[in-house]
């Protein structure tokens, strides 16, 4: 899954009819310190994620396996809101952790 | 989904017979200010998108889930035309929004 | 779909038996002026594309939806030969076209 | 499959209900000397991999083919823990090995 | 398909039970002169490819369509061993070949 942050919303009136009522969120990829990376994508929200929240995104056919996106022409879904993350092997301890 | 802009059209007479009558659009990826990015792709249009319009594209097997592309050998479809987008967390407010 | 150009052929005697008789073409990605880009891939040809021709490629599971590639272990297929392309929104007219 | 190393864990209370009880691991891609590469992803753990371990990850629909991830909205799964790897053709012997 | 070269082997005792007996090969991507590129991946071998051989790899769900990998949690399979490749449109003749 991709780690990202909801930064905005897309409005689209003219769309495939199976997409009626879905919310399209703009999600920017983030690093493990939640700093913004360059890439972003648009994902359907299945868990009620709001602007500013850190989320996980499932892409491809897996993006269609939530209750909301089944058989829909969408390739990315927000399927979890991140409470926090624990980095147990930081780069500074990379080598010793390998031993 | 990928955010992009329709910039042109592909003409192909010789093609898989299941593709008869489909319109192949050239879509350039754009950033959140609609500025052109480097990558582009060719997508089937399922919503009547014209040149210059900002659109969303679903890729992979999800690209085959519109009425038009079902079971067709296409891996990208325009499934929505973007009216506008709202960026609620700009990079300038990234840090404070995290607090 | 990816826009590319057939630049060569792969010969492989030892292969999955379901691939018997298929032609594996080397396709280099091209830009909208048909100039070569850095990436290339190997695709099965389902439309009789010859060396030098500009083609469209469907990837992933969509690459298995031509008559030739159904249920085969291939992830890229040439499904159309490009006659020509029309760029209606060149980068030089990007801004005014947005208004 | 992607070669990577488990470096941490994601905590997410609010998620698709089918994801209940799954462990989301942060996995950083590594090179053949187990040095960290730039990209990372979040994967469900199906084999009991702990922090610091070198693992293999299957992505896309293949990520849903373990006992744990079947029909779930996840696109990456840890499906093996790497004991060791043997590089038989190092770059220093690339040319002679081709002869 | 990806063009690559088998450079080594992965050993993994603890893995999804459906993977028992499979050989995981390390494959480095190569260019059309068989020079090593930066990226590599791990693929299941379905055709008996040995170290040093040039191979084709099918990725994604297509990687599960060999006799060996059906319904298995793997996303890349070696499905052909390359005997040779013919480049019919080298970059030095790119322009004239377009005419």
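We call the chains A, B, C, D and E, going by the order they appear; numbering starts again at 1 in every chain.
The rule is short, and it goes like this: a contact is a pair of C-beta atoms (placed from the backbone, for glycine too) under 8 Å apart; a residue touches a chain by one contact, two chains touch by 3 or more.
All of these numbers come straight from a predicted model, not from anything done at the bench.
Contact with chain B and chain D alike is made by A.
With centres taken as mean Cα positions, chain C sits 30 Å from chain A.
Inter-chain spacing, taken between the CA centroids of chain B and chain C, is 18 Å.
Shared contact sites, meaning residues of chain E that touch two or more other chains, fall at 60-61, 63-64.
Ring order of the chains (start at chain B, first neighbour chain C): B, C, E, D, A. Partner chain E is touched in their complex by these residues of chain C: 5-16, 18-19, 24, 26, 34-36, 40-43, 51-52, 60-61, 63-64, 71-76. If you check the complex, the residues on chain E that touch chain C are 1-3, 32, 46-48, 56, 58-67, 69, 77, 79-91, 94, 97-98.
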